[in-house]
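Structures given as structure tokens follow.
Here come two complexes built around chain A, the first alongside chain B, the second alongside chain C.
Up next, the complex of A and B:
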């Protein structure tokens, strides 16, 4: 489904100087996600994972290399398949227009997908699907809790029945118990919907539960791509280090 | 609509609006309300005190101060409105273009703004009026030239603030057109901030027009204008200091009403004010 081929990306340093340097962010990144697969992109802060997600989403352009979706250039694919790509961001507070009610947030993107079902019914079924109480339909985003708002964002993301979903640290800024609930929801959605997903995260625990394969990104380079079930056999030093860093709870 | 209903609940804002509406109506219907012509000289009534036919007395040329005040709304307040409307229009169009399209066009607009903003606005206004000569149209043009760059900057930065929000990014990912995003997400959010900006600033425009007229650079005699009425009252300050009060208080109240209204608007446009957090 998604094929990233030797992508480079760098940003120019800010400030006035005559020798303007560029900071490389992504360095020869290549990987592939098959249709229906959930892949996790794991890396520390500053490893370039957010940049990579912005490139995949078409919000920024790569310096060189190519991003292919179903064999087509990502920009072309997105034009031909409006609403087929969707995203859930880390920062749920700015993810929803503060002047929109919950129901308007959820049904906003239907126009592009050409949905013609009754808005009312579909909003309610989506809200039920993500486990939101129906009475918050007419509330504003600031009147919701973080977990509820992130559920609204997930409902919005799946409202166009997308084929490709990017979860950009979708659970990272939530409390741990709420994280667990959202992960459960995502797990359930994975079983119900026909989705290919790129899950960006910085800790292994969250993604090991959900994803079929894990891609390790360190300093803008892919250090290892491994299927989750073989995670224990990870070869690269970085992956091993991350595995050791996982806090084990004894119950 | 919610903004309106919130504003309705704000009693102080409603008082300001009511006052400003009365002032504007008084200006529009001045020919019917005013007891005298604002420019007719009547030497017999020179410096007349308050009476039924001269509600606020007469000035040193025997002109009815009340009538001049009413006609003054037409010059002072209406010129401020026109100046503000044109400035905001230019600022919004250029600021939105710069903020939405970015890149080269943004660079060009911003550098031109930099040039205009590198002169103090008072100096620029005086220079323009010096070149074009005093007069109503010229102060309007001069204040627009002095102010548009600042507005373009402000509105561009407001637009940029909203284009960085995740909901705009989401809309881009789900394939909405630039126009749709601008219309649905950016415009409604920026409109509030622009309205606040304009309301807060219209007071300073009124003050500027009055100040220029006071200096004799703006409206020319005998057209009634509040700043110029102050200037004329200054001539008889020693014998009749109270003549400065009507135009001075009129300026004070109108400017204050606009400023308070701007503050209230700011609160009304903020969705988070006035609703309970759960």
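Up next, the complex of A and C:
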């Protein structure tokens, strides 16, 4: 489904400086995700995960290398398949328009994706699908809890019945019980919908819950790509360090 | 003698008379760290602010909080200021926004130390360097010269811990110390806390929604829900043999979250 081939990306240094330079963010990144697969991109803050997700979403352009979706250039694919790629961001507060009601938020991307006649799902059925009570339909974002608003964002993301979904730290800023609920919801969506997903996270525990394969990104380089079921046998030093850093809860 | 004893503390809004914290009592013993857990909005931070008298205007606390036999809720402003400066330090929730972006970290550290410990600038600098090294920052003199935006979240969090530890307080309160950090930094920060606990003998209060963090760091735990105390006891007892529905729910969700990960890791130990 998604094929990333030797992608480079750097940002220019900011500030007044005589030495003009560029900071490399992604350095020869290549990987692929097969159709129907859920892949996790794991790394520390500053490792370039968010930059990579922005490239995949077409919000920024790579310096060199190519991003292919179903064999086509990502930009072309997106034009041909409007609304087929969706995203859920970490910061649910800034990703919902504060002046919109819940129903408008969910409806919005559905409307802008326009021309797509195959969508018959109503706001109500979407809300039911993500486990939101229908009475909050006319509320504004600030009247919802974090977990509810993130559910609204997920409902908006799946409203156009996308085939490719990017979850950029979608559960990281929620507290543990709510995280568990959202992961359960995503797990259920994974079973119900025909989705390919790129899940960006820094917590291996949440990733192991959902994804089929895990890609480790360190300092802009991919250090290891491994199937989740073999996670315990990860070879690279970085992956081992991350595995050790996990805060376990023992029973 | 107990280090800190909180008796029937309640916090309410003076205008609406709405209770935010309802009748909570707990005690902190020497060298026994306390963890406070609960969902967001359960009043964990509010209670601590109430005890230290850092509440927003319009909030009022009743009950008693005894530190060295004196009630902190009734003492003079100067006396409570002295306790906050020398005896009970607090590490605020968000390290990124807790520093002033317009001043270097070093200046802010030294300012705090001069004010709290009544020492000269030179001494303050010595102590800052020493404390930064203690929390595991290698190039301490470099870090002192940096502005907050030039440091990562984990570094700032460690600077905060260094400031809190510098006055050698009896108690350090850490409000969600790991929430804003990524996995590797989280475990570094936890190791720093453990080192301070054994080296300096500081007693900690940790506020967190992550049971894993609490389990590693605290000997006692207090579970809160909607401003009420749900359960209070030894960490092992509360997490393993809880009879309370809500505690069980918290433990279950945490287990559910990690079940697949733990399963994968167990398979490894079987192979080995």
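Here is the rule we go by: the second predicted complex is superposed on the first by the 241 of 251 C-alpha atoms of A that agree within 3 Å, B and C clash if a C-alpha of one lies under 4 Å from a C-alpha of the other, contacts with A are read in each partner's own complex, and residues count from 1 in each chain.
Please note the rule applied: contacts are C-beta pairs under 8 Å (C-beta built on N, C-alpha and C of every residue); 3 or more make two chains touch, one makes a residue touch a chain.
The structure displayed is predicted, hence computed values, not measured ones.
With both structures placed on the common chain, the touch criterion links A:213 to neither chain B nor chain C.
In the superposed model, A:59 lies in contact with chain B only, and not with chain C.
In the superposition on chain A, contact of A:231 is made with chain C only, not with chain B.
Legend: residue contacts after superposition of the two complexes on their common chain; A:196 is shown touching neither chain B nor chain C. Contacts of A:140 after superposition: chain B is touched, whereas chain C is not reached. After overlaying the two complexes on the shared chain, residue contacts for A:176 are found with chain C alone; chain B is out of touch. In the superposition on chain A, contact of A:50 is made with neither chain B nor chain C.
When the two complexes are overlaid on their common chain A, residue A:94 makes contact with chain B while staying clear of chain C. In the superposed pair of complexes, A:156 makes contact with chain B only, with no contact to chain C.
Counting contacts by the rule stated earlier, residues 145 of chain A appear in both its interface with chain B and its interface with chain C.
If you check the complex, the residues on chain A that touch chain C are 44-46, 145-146, 175-181, 183-184, 202-206, 208-209, 228-229, 231-233, 241-251. Across the interface of their complex, chain B is touched by residues 57-59, 78-79, 82-83, 85-87, 89, 91, 94-99, 105, 108-109, 111-113, 139-140, 142-145, 156-157, 160 of chain A. Within the complex formed with chain A, the residues of chain B that make contact are 165-167, 169-176, 180, 184-185, 188-189, 271-272, 275-278. Against chain A, the residues of chain C that register as touching in their complex are 39-41, 152-153, 178, 182-187, 190, 209-213, 215-216, 239-240, 249-251, 253-262, 264-265, 267-268, 271.
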